[in-house]
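Two complexes follow with chain A in common, the first pairing it with chain B and the second with chain C.
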Partner chain A sequence: MVDETRRNLIKAGVVAVVGSAIGFIAVKREKLMELLKPVDKVELLSAIDREYSVYAERAKKKEAELKRWCMEEAAKLCRERGEESVECVEAKRRCDAIQVKATGPRKGVRFAMAIDLNKCIGCRRCAYACVMENNQGRNLNIEWIKVLGVERKEFPEILGSQLDYEMAPLPDTVYIPISCMHCENPPCVMVCPVRATWKESDGIVVVDYDRCIGCRYCIAACPYGARYFNWAKPVVPVLELNPNMHILGNVPRVPHVVEKCTFCIQRTRDGGVPACVEVCPVGARVFGDLNDPNSPIRRVIERYGVYTLKSEAGTNPRLFYFFGPSKPVHKQEGRR
Partner chain B sequence: MVEGRGKVTLVDLIRYVIAEGIVRGGPSYKCLLTGLALMAIHGLYLWIFVQHAPIFLGSDAGGMIVTGMNNSVPWGLYIAFFIFWVGVAAAAIMFGLAGYVFHHKGFREIAVIAEVQAIAAILIAMMLLFVDVGRPIRTLILMPQLPNFPQSILDWDFIVLSTYLILNILAYIYVLKKMLAGQEPSIKFEHAFMVIAAPFAIGIHTVTAFISQALVARPYWHSPLLAPRYVATAFASGPALLLLILLIAESRMGLKVDFDVYRKTVYVIVGSLVIGLYFTLSEVQEIFWYTTEPLKRAQASVLFFGKHIWWLGFLGWLWVILGVAAVLLSFIPSIRNTRKGIAILSTIVIVAVICEKTLTIVVPAFTPDSLGQVVGYVPTPIEVAITVGVHAIGFIVYAILARAALKLLIQRQSVGHT
Partner chain C sequence: MRMIMLVMLAILGLISASAAAVAVAEEEELYPCEKCHLKLKLTGMKKASVYHAVNLTIGAHKGLVCADCHVPPTMSELVGGVNIVSFYKGDYKELNVVCAGCHEKTYRDYVNLVHGNKTIVCEGEVKVLVKGYKNVSYWLHLCQDYTSLSVVPAKGCVECHTPHNPHYKPLAPLPPPSRRPPPPDQSVIAYTTLGVIISSLMLIVVPFVVELEKGGRRGR
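Up next, the complex of A and B:
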C-alpha cells in the first residue's frame, strides 16, 4: 500500500515534468523569453504615473478633512485668545491656505542632492526647518535630518559618532547631515510587504501613509536610519502648520505609519528647492536635476567629485557628499 | 462514548472537542483554563485600549509609544518570541516525520499531538505579528494579492505560515474524525501530509530567518548561517516541549507512550543542540578573529560581552552554558533513560533556546543602530503583558485541542490492550 502511494506520487511527478517540458518546447521561445525578461523599471514607473488620479482624489478628500480639523482648532484658539488676537488671525490664515497637492513627477527629471562637508558647521538648522516644513509630530521627536559629528581623522566611520553634540562647530569634527538617501536601489522598497513605499520616476522615494501597515520592516532594512515610525498620534499645532502639502509628503501623518524625507516633494515638484537647502546658512547643500547638464548638482559632481555613504551596501544613494574648495574658517582660526 | 460511530461530521467533531476540551475537564484543568483566559483578556484589553488605542478608538493618548521600541530598535519582544514560536511550530513535524520515515508505531500514534503543537505555535506566532503591526486591519491588503510577492520576504512568510497552519488544522480534523469513528487513520493520508507538510515546516523557519538575514543594514544578521542556526535550535526546543507535554499527559491522564519515543527524541534534541552550539562557535570565530567590519563587531560585543545592555550578554552566555550542560547531562544514562531525567533535560533545553533565539537575536542587530548610535531597548510591562496574553491564547488552544485528542488516544489504547 505504501509502495503504491509512492508509485502514484512518482507517476504524478513524471506527468508534471513531461507536461512542462512539452509546454516549454511548444511555446515559442521568444514569447517565453518575454515572460522571463525582468520588468522594466521605466514601464513600472509609468504605470505608477497613470495611477496618479487616485492620489488626486484622495488629496481632495484629505484637504477637506484637514480644513475641517484646522477650523475647529482655530475656533478653539479664537475663543481662548479673542477674535482680534494675532494667533487667531494667523491660524485662520493658515487654515484657509491649506492645499493638499498630488503633483506627479515631471518626465525626465532625476533629483539629487549634494552636501559640502567643508562648509557644514553642524548647526542643525536644516533639521529644524525640516520639522517646520514637513509637519512632523512635535510630540514624537522625529527629525528627518540627523547631523552626525565625526572626528576628522575617523572620517567616514560613523560608528562612535556624536548625534547629540552641544558645541558646534569644533575644529576637528566633520559634520555629516544624514537623511533619506533616495537610493537608486532602495532596500526599504524591496522589503515592504504591501508596496506602500516606492521610488518615483523623478527619483524620490515616497511612502503612502494610507497603505502602510506599520510592520517597520523598512526601518530594519534601511542602512541609513532614515525612516521613522509614528509611535503615537502626531500633534501639529495649528499655528505651526505648513499649509502647502503633498499627499505623499508632508500631509500630517496618521498614527502608526512610517515616514521619511521626500526631498520636500511639495516644493520640488513645483520647481522649488527643499527647505533644508533654502535655510542652510553656509550654503552647504546643493540640489538639482541630475539629467540637466546645467544644474548645480552636475557642476558639483564634475568639479569636485562626490562620494556616498556606505557605498558598500550597494544602494546607490542620490544624496552625495563632497569636500568643497574652501576650508572652513573656524578651522584656520583654530590652528593659529 | 462516541466510539465506533459510523459517520462523523465536522459539527460532531467540534462539539466533541468543546465537550472534551473544555466542559469535561477536572477542576485543576478548569482552573488552568480560567487563569489562561484571564491573562488573555488582560493582554487583549491592553492591546486594544492602550497600545492600539489611536487605531481602534481614535483616541489621542496611547499608541505604540507605550512599548519599549523606538526608531533605533524598531523590533522588540513580539518579533523575538515570534521567531521562537515559529521554530517550535516547525519542529513539531519531527514526530510525524519519524513515524513516516522509520514506520515507528510509537511516533505515529502521538503525531496528532505534534499537529496540535504546530497549530498552537503558529497561532501564537501570527498573533504576535498581529499585535506588533501598527495598523493591523490594513494587513488585509496582504490577503488576496500579496502585493510585493517575490521581493518582500514578509509576503513569503505570510504564505508559508498560513499554509502550514491550514495543513495542520486539516490533518488534525482528519485524524480526529477517524479516531472518533473508531477507524485507523489511513496511512496514505499520513504520507501525503508528510510529503507536503515537511517542506513547509522547514520552510516557515527558513523564511523567518530570510526576513532578517538578507538585510545589509544589520551586519549582525547578515550571514547565511542564520537560517540553518534557526532550524537547528528549533529542532531542539520544539521536540523538548512536545516531550514535556507527553510526560504531563502520561502522569496526569494515563496516556501510554512507548519509551523508545522518548529515547529517540532525546537523540534528536541533543543532536540539534550540538549543531546549534557549533554554529554559535562558528559565528564567534567569524566575528572575533578577522572581521574588520566595525558595526558587526560592535553588535556582537553587545551579545557576547553585554556591552551597553548587560542582560543580553547574560542571556547569550546562558545559552552556551545551558546548551553545553544539556548535552553533557544527556550522556548520563540515569538522566537519559528516566522520565524525570528527560523532564529536566527538556526544561533546560527550552530555557537554553529561549535564551538563544528571542531577544538575543533581535536586539543586538539594532544596538548600535545603522548610524552607530546606541539607544537600547527594555521591554515595558505593557509589552510583556500583551506578549503573555498572546501566549495564553495559544496555550488555551493547545490545551483544548490536545486534551480532546489525548482522550481519544487513551480510549483507543485501553481498547487495544484489553
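Up next, the complex of A and C:
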C-alpha cells in the first residue's frame, strides 16, 4: 500500500518534471525567437552560391548586345573602306570572337601580385597594356595603373612623387607602379551604399557596373586613388577591341560608373596572368596564387620578403613590393 | 576566313625570317662557325676578340673568357650541350642552359615564373599587333576559347641580356598620362538637377490640383 502510494507519487513527480521541462523549453523558445531571428533559407543559399548564374545570364545578354553593336560599327567601317579591305575583314573577325565570360572564383585560390622595385624602369608599358586589355575608353584618358617616380633621398615621400616624368630611368629615382591593391580589408567595399563592389573569394575586388549608382563614395574612401569614375561614355574602336571579356571586368563600361583594376579577371580566373605582368619588359611583376606553395608569388615572399604601401591605413593590401637580387639600375657599372 | 588570315600570317613570318637571314649572310656570314675556326686552332682563353667585336674586359661578365661558354676549338658548341645554331634559328629559349650553369638561382626563379616576363598561351592562338591608345602598339591574344589559358616564360635569357654584356638596357618610357577631360560644369549639374526635381514635383502635384479643381467645380 505504502509502496503503491510512493510509486504513484514518483510517477506524478516524473510527469510534473517532464511537463514543466517541456513548458520551460517551449516558453524559452518563444522568448528566444524574439532574440534570434530565423533566416530565410532560400535567400541565404542563393546569396551563398550566387553561383554566377545571374552573371552568366547577364553576360550572355551583354555578349549579344556587344556583338550587335560591334557588327554595326564593322558595317560602318566596311562602307567606308570597302568590303574587301583588311580593316573590314579584321573587324568582322573581332566581332565574331567576342566572348563575355562569367567565370566564378576557383575554390582555394587567393591571388596576389608583387612588383620588383629594383627592376622597374618606370617605362609605363604596363599602364598602356592595361588600357588596351581592359577596353578602356580611349576618350577618357583613364589609366588604372599609375607609375610614381619617387626620389631616392633620406625621407622619400609619396606625396612629392612625380607622375608625369618624361625621362626614365633616372639614377636617383625609384619607380613604384600603383593600381588597385585588392586589399584584404577594402575601405571601398565598406562604404558602398548599394553593395556594387565586393571582394571575391579569390581575393579580387570587383565592381558590378550594372549595380553601381556612381555616388563615388568608394573613390573618396580608397587611400590609393585606384578607382576612377567615367564621366562620359567610353569609346573603344572596334579594331582595338579585346574580345576576351568578363562581365565583372573589362566588358565595355556604361557611362557614369566606377572602374578599376581587376587583376585582369578575364585572364587570371582562367589560368593566365594579367596583361601588365605579360607586357613588363623587365619582368618586374610576379603574379600567383598565395595558397599554392609552388606559385611564383610564394617564392618571392619566401625568398625576398615583401612590402606594402600605406599599410597603416589598415587595408592589408595584396599588391606587394619587393627588392629582388638585381642591382638597381643606377648602380650597374659598365652601362652602354 | 581564319585560315586565310593564318596563312597570311605564316607567309609574313617566313618573309621576315628570310629577310633577317639574308641580312646576316650579307654582313659577314658567321654561320657555320666551323667554316673559319677549323684552321685557327682556337683555345678560347681570350678576354676580347677584335674580329668578333666582343670585349669581356667591360660589363658584368668581365671575369669570364670565351671558353666559359663557347666550347673550343669550333666554338659553335656552347656549354650545357646546345649548339649556337639555335640562336641563328631563333630558338632563344634553348640557350637558357648556358646561363643556368652559373646563374642557378636566377634560373630557378626564371623557371618558377619570377624572373623574366611571362606570357599566356591558349588553344588556336593568333597574336595580332594592334595600334591602340596613343598609338602605342599591343599584342592582342586572339584565342578560340579563353577558358583554358596557361603561363610560360615569354623570352629566353639572351633576348634580354646580351651574353657578352649582360646588363639589361632600359627602354625609353612611354608618354605620361594625359589630363582627363573635365567633368561637366558643377553649376550645370546643379541647375539640371533642380529642374528635374521641380518638373517631377509639378508632375505629381498638377494632377492633384486639377482633380481638386474639378471636384471643387462639381461641389459648387
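The rule is simple: the second predicted complex is superposed on the first by the 275 of 336 C-alpha atoms of A that agree within 3 Å, B and C clash if a C-alpha of one lies under 4 Å from a C-alpha of the other, contacts with A are read in each partner's own complex, and residues count from 1 in each chain.
Note that contacts are C-beta pairs under 8 Å (C-beta built on N, C-alpha and C of every residue); 3 or more make two chains touch, one makes a residue touch a chain.
Given the structure is predicted, the values throughout are model-derived calculations rather than measurements.
In the model built by aligning both structures on chain A, chain B clashes with chain C. Look at A:Glu278: by the touch rule set out above, it reaches chain C but stays clear of chain B. Looking at the shared chain after the overlay, A:Pro325 reaches chain C, while chain B stays out of its contact range. Applying the stated contact rule after C-alpha superposition, one finds that A:Glu157 touches chain B and leaves chain C untouched. Contact with neither chain B nor chain C is seen for A:Asn185 once the two complexes are overlaid on the shared chain. Looking at the superposed arrangement, the partner reaching more residues of chain A, out of chain B and chain C, is C. Contact with chain C, but none with chain B, is seen for A:Arg267 once the two complexes are overlaid on the shared chain.
When the two structures are aligned on the shared chain, A:Asn242 is found in touch with chain C, with no touch to chain B. Touch criterion not met for A:Asn316: it reaches neither chain B nor chain C. Of the two partner chains placed by the overlay, chain B and chain C both lie in contact with A:Ala232. Once chain A of one complex is fitted onto chain A of the other, the partner contacts of A:Lys146 extend to both chain B and chain C. Clashing C-alpha atoms between chain C and chain B appear in just one of the listed stretches 128-136, 182-190 or 200-208, and that stretch is 182-190.
Applying the stated touch rule to the two superposed structures, the overlap between the chain B and chain C interfaces on chain A comprises residues 140, 142, 146, 163, 231-232.
On the chain A side of its complex with chain C, the touching residues are 89-90, 92-94, 97, 99, 101, 103, 121-125, 127-129, 131-133, 136, 138-143, 146, 163-169, 231-232, 239-240, 242-244, 266-267, 270-273, 277-283, 286-288, 294, 296, 299-300, 303, 324-325, 329, 332-336.
Those residues of chain C lying in contact with chain A across their complex are 1-2, 5, 58-60, 62, 105-106, 109, 112-120, 122, 128, 130-134, 136, 138, 140-143, 146-151, 154, 160, 165, 167-181, 183-184.
Across the complex, chain B meets chain A through its residues 52, 54-55, 59-65, 67, 69-72, 74-75, 129, 132-136, 138-139, 141-142, 147-148, 151-155, 158, 187-188, 191-192, 195, 211-212, 215-218, 294-295, 298, 365-366, 368-373. Residues 1-2, 5-6, 9, 140, 142, 146, 148, 157-161, 163, 178, 187, 190-195, 211-217, 219-225, 227-233, 235, 255-257, 313-315 of chain A are the ones touching chain B in the complex.
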